[in-house]
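What follows is a set of structures to go through.
In the two complexes that follow, chain A is the common piece, with chain B as its partner first and chain C second.
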Partner chain A sequence: MQSHAALEYDYSVAKLFTYTTILFGFVGMLIGTFIAAQLAFPELNYWMGEYGTFSRLRPLHTNVVIYGFTVSGVFATFYYSAQRVLKVSMAESNFLMFVGKLQFVLYVILAAGMVVSLLMGYSSSKEYAEMEWPLDILTVAVWVLWGIVMFGLIGLRREKTLYISLWYFIATFLGVAMLYLFNNMALPTYFFSGGLGNIMHSVSMYSGTNDALVQWWWGHNAVAFVFTVPIIAMIYYFLPKESGQAIYSYKLSLLSFWGLMFVYLWAGSHHLLWSTVPDWMQSMGSIFSVVLILPSWGSAINMLLTMKGEWNQLTENPLIKFMVLASTFYMLSTLEGPIQAIKSVNAIAHFTDWIPGHVHDGVLGWVAFMIMASLFHMAPRMYKREIYSKKLMDAQFWLQITAVVLYFTSMWIAGITQGMMWRAVDEYGNLMYSFIDTVAVLNPYYTIRALAGVLYLTGFLMFAYNMYKTMTASRKIEAEPQFRSPMA
Partner chain B sequence: MDIRELQGYASFFMTVFLVVVLYSYIVYLYRSEKRGEKDYEKYGNIALDDKIDSTPIEHNPKSQSEKKELKNEYVND
Partner chain C sequence: MFHWLEKNPFFFAVGVFVVIAFAGLIEILPNFAEASRPVAGLKPYTVLELTGKNIYKKDHCIACHSQLIRPFKAETDRYGQYSLSGEYAYDRPFLWGSKRTGPDLHRVGNYRTTEWHENHMWDPKSVVPQSIMPAYKHYFTNIADIETAYAEAVTVKNVFKTPYGDEFQPTKEAWEAHKPIVLAEAKAIADDMKNKDVKEAVANGQIPEIVALIAYLNRLK
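After this line comes the complex of A and B, so read on.
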């Protein structure tokens, strides 16, 4: 096939998003570690006036790690893997290349706007949807451009069947688009009040319980369509490719896909148990959450079985270790979540530290591990150099695993202690503890979590350094490795 | 029956309906493979053999580039 000789996959956009993944990962986790330290050492709140307080920095942490780090990682891995599974290069269409680069430029502007506006205190006060309306509009533009590239590449494809990863990327695109639009419906007050108030400010179109329902319909699906679905897309491509083993059961991947889509959308009301939403809706949220174990474990077991007969790779290749551990943590958090969604358990867990504990065994053990492993796999292929250091990668792995375990175990203990203390009553029915009593008891666990943050952040810096050296100084390789990534 | 009760029933029956659809899909997947009409497992190789010049597992007949390529090949021959 001579016409192909010059044709190669084009990774320019994938590389750009790789850089933002690393940058926002570092910034987001630095802020995470800092706010963790603030909870243990409250004096740290007063170093920079209003800009340094926990309340200002917490939404900054969540938004930077979700929309900066994770979403960049999703775009980077999409721009890398979609070309490959469709067997079409971005270089074959000037139009798509232009749209991809435009998407990146607008994304960077959006991210900068997000950081600045949140720091200045502009917030719609809806969790994971804090950005105010001008940035929401920009978000829609970035998302639509991504869709154009996605469906454009699909239109040009040589491979007729869409590989399962692409199904998940498409679901990410559609799910976020639908829910983001619904949840962010708001009226900019300035324009509707005849010029009163701040131009950035807006008011949600929903009110009261309806607002809460729409918010958590979105909020939970931010977990679904940003932290789960595109990460499954990654593991379905990168684990088979790195290990040289095809997915254990392609059929199981298809039916877990539809199972996940069907169930996930209706689990959001588990965020509103014991609140004012109709009782049947709360029960529905609980039941759907428990059923969610099935499709989640369907994917995770499929990944583990992919390694069947090849478990030796786990000891030989640290990248496989990252990915297998990621799917194991995916199993842990998709078991823990449904347990927390049972009404009686939720009565203890809600509003306690057990919730951030649950969040972080998912995001640190599953999301961030999978994103770092994917970028490691991509690096030798994008930069045509071997990975700079296997030893460093191994050390990073052990450091970060320790961090994750310290994080979630300390928060388990803290959360359950807190939940029990809040509801403890004496023989006359009076509350036994005041709020500050719980704070005093929890302080050591907050310190452990802050330490976990320092360890994880150090591991992330090792990752960033390893990537940087891979890009610039590592040994060149002639041919693209077929499966296992070469590393020194 | 007020609207809230109605919503509850609607949600319940929609769930039952979708469960039936999902299970039929599973049955369809396994049956069509058993009868030899389909082979889903071969698609797993799309990720493994993904060089730009590898032969697709299934050619996309609509691919413009494919047509161009075929023409080129013809010229090259």
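After this line comes the complex of A and C, so read on.
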């Protein structure tokens, strides 16, 4: 039965995930800034005994920003936008509402378990897949519940054609499910040894080179399916909604989507160049990484051209500024990645700070910007209030841009400096520098990077404050704004 | 076709899955069996070494240290022979790392000693004045979990046929019988150390984490 009245969408689950996005964003970036400072000022390693060392906190930082902040943001924007593009409200199905809320509850338990267990040192030591097996099982549960809501809503939909954002959300769901399951295959040793030892401990099903391949097939594609695919889902929904512009090209969307799906997975082995992985696999990873520029830039250009003839919005609406900048950083990052995947460049770049530099121009400039912009756009519609402060948003923008630029420029210099020093030889062909020389030289860059962290974190606090005030104290609005978000 | 897919979510999802799945099959499977084969003469980790490896995992040493020597002269000059696939056959998980804030450790056992590690883990600056690595003093008092390492050895022996001896059995009795061997190995390392508390603990049948970690690092050759 189709009703003619406008649908009232239900944002209760979207709101819950909005809160965790803000919370984990703050916690994750705080830890990140702290460990950045530890590299510049090593005395900071001793503030809480064995739990406060760089090595213990680094996986906590990555896990909280990836699975806390980003994934919360993905869920929040999904629960907001999926209803709207499918023209069906969560409130129409008690079952889906229940599953959505259950997903949130399990997710919070999972996140708490993750933080505590990583601090305690329970870890598989596989990057971005550190959680031990009981938490892996819980992760699968959270993910399956999300899938139930996704396909449940799709089943109830009134709009027959799936909008582009949903393509990307579906791909996120499937991609992460496949990769996560295979990469985390491990045997809990307690059950295979007649009950000996710690019940949390597990051993990987793969060894050595195979484990490396599976791990970076995951590691690289966690970047694909958490930092890229769902963020593209966001920009395809929120940029047209905020600007009032239709997507520039449907064909370009098609090409970029299927191209990205096809090419991305191959590129994982570029993390293993010059390793013991067979040469043809390395070359494959290298070549497909370069090909990956096409679908990545396809999406980004599609976004920029969507703003064609409306560039004045860039000066009038800081939210458009956030989104356009995000797609620009997406372009930068997806050009930089393939450059680093060229074997000769990789020989210098690998193992250096250029790699975290690359990651962070992507995550700070693209992922976090897009998530914050999306939440800003959602706030007036979810809370029926205008955004608290445009000025604050503008200030946040410039502060965080400065931070990102400081971050990646310092890490570019640090990485290339160190990479070159490692291989420098004197006139007799002897190594010129001892390893510690190449560490000592990095101190100024580590200091700049820590400062960049402080600036970005400050910007994030401004975002959190702005959101909080929008939720609680801002001027109420009567009708839902059609495009541009109202702000004071 | 694409218009049709966009109206048929099930087939859309199947299409996406097929497109993303086969890259993994083609890149990972063909070499799987060969990459699992150990180099000649490779021995599985002893229980004490495995305990040390678990400490290495627990504290995420891979956040700053690699275990992968690339085939460049600058690397072989600095760290020794470049790494071979078969050397990692018993590494579950692999511990190559992705960042060298500190040096590579794949062959650290060739050029560092128990004594060096003891000084270094207690206070890195005492041996490398400009070091930015934190001290890990708690390794000298925390008691290592050797039973879990034994459980791991038994598991990989039974499931993956890692060549441990017949005495490795999934029973409490087998573990109790094996314990003295682990202790003897720990004592040999503690004898080379100067920390009195560590020596005393080992004499009392307790193995501080530092001893297991050094056993592991010495094994990396």
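In this text, the second predicted complex is superposed on the first by the 481 of 488 C-alpha atoms of A that agree within 3 Å, B and C clash if a C-alpha of one lies under 4 Å from a C-alpha of the other, contacts with A are read in each partner's own complex, and residues count from 1 in each chain.
Just so we're on the same page, a contact is a pair of C-beta atoms (placed from the backbone, for glycine too) under 8 Å apart; a residue touches a chain by one contact, two chains touch by 3 or more.
Keep in mind that this is a model prediction, so the values were computed, not measured.
Q: In the superposition on chain A, see if there is space for chain B and chain C together, and answer fit or clash.
A: Once chain A is superposed (C-alpha atoms), there is room for both chain B and chain C without a clash.
Q: Give one of first, second, both or neither to describe whether A:121 is in contact with chain B, with chain C, with both, or with none.
A: second
Q: Quick one: classify A:161 as touching chain B (first), chain C (second), both or neither.
A: A:161: touches chain B and chain C.
Q: Would you mind checking which one, chain B or chain C, touches more residues on chain A?
A: Between chain B and chain C, C touches the greater number of residues in chain A.
Q: Answer with first, second, both or neither: which of chain B and chain C does A:486 touch in the superposed model?
A: Neither: A:486 stays clear of chain B and chain C.
Q: Once chain A of both complexes is superposed, is A:423 in touch with chain B (first), chain C (second), both, or neither?
A: Touch status of A:423: second partner only.
Q: Looking at A:278 after the superposition, I want to know if it touches chain B, chain C, both of them or none. Which is it: first, second, both, neither?
A: Touch partners of A:278: chain B and chain C.
Q: Once the two structures are overlaid on A, work out the angle chain B-chain A-chain C from the Cα centres, in steps of 10 degrees.
A: Computed from the C-alpha centres, it is 120 degrees.
Q: Where does A:262 make contact in the superposed view: on chain B (first), on chain C (second), on both, or on neither?
A: Both chain B and chain C are touched by A:262.
Q: Name the contact category of A:9: first (chain B only), second (chain C only), both, or neither.
A: first
Q: For A:444, select first, second, both or neither according to whether it touches chain B, chain C, the two together, or no partner.
A: neither
Q: With both complexes overlaid on chain A, does A:352 touch chain B (first), chain C (second), both or neither?
A: In the superposition, A:352 contacts chain C only.
Q: Chain B and chain C, closest CA-CA distance after overlay, in Å?
A: Superposed model gives a least chain B-chain C C-alpha distance of 5 Å.
Q: Which residues of chain A are in contact with chain B in one complex and with chain C in the other?
A: 160-161, 254, 258, 262, 266, 278, 284
Q: Report the residues of chain A in contact with chain C in the complex, numbered from low to high.
A: Per the touch definition, chain A meets chain C at residues 38-39, 42, 45-46, 49-50, 53-56, 58-59, 121-127, 130, 151, 154, 160-162, 167, 170-171, 174-175, 178, 182, 187, 189-190, 192-194, 196-198, 201, 203-215, 217, 254, 258, 261-262, 264-266, 268-269, 271, 274-278, 281, 284-285, 347, 350-353, 355-356, 422-425, 430-431, 435-436, 439-440.
Q: Using the touch rule from the top, collect the residues of chain B that touch chain A in their complex.
A: Touching chain A: residues 4, 7-8, 11, 15, 18, 22, 25-26, 29-30, 33, 40-48, 50-54, 56-61, 63-66, 68-69, 72-73, 76 of chain B.
Q: For the complex, which residues does chain C have touching chain A?
A: Listed in rising order, the residues of chain C that touch chain A are 2-3, 6-7, 9, 12-13, 16-17, 19-21, 23-24, 27-28, 31-32, 35-36, 54, 56-64, 66, 68, 70-72, 74-75, 77-78, 83-103, 128, 130-136, 138, 142, 145, 147-152, 154-156, 158-160, 170-172, 175.
Q: Which of the residues in chain A come into contact with chain B in the complex?
A: For this pair, the touching residues of chain A are 1-4, 7-9, 83-85, 87-89, 92, 156-161, 163-165, 236-237, 240-241, 244, 246-247, 249-251, 254-255, 258-259, 262, 266, 278, 280, 284, 480, 483.
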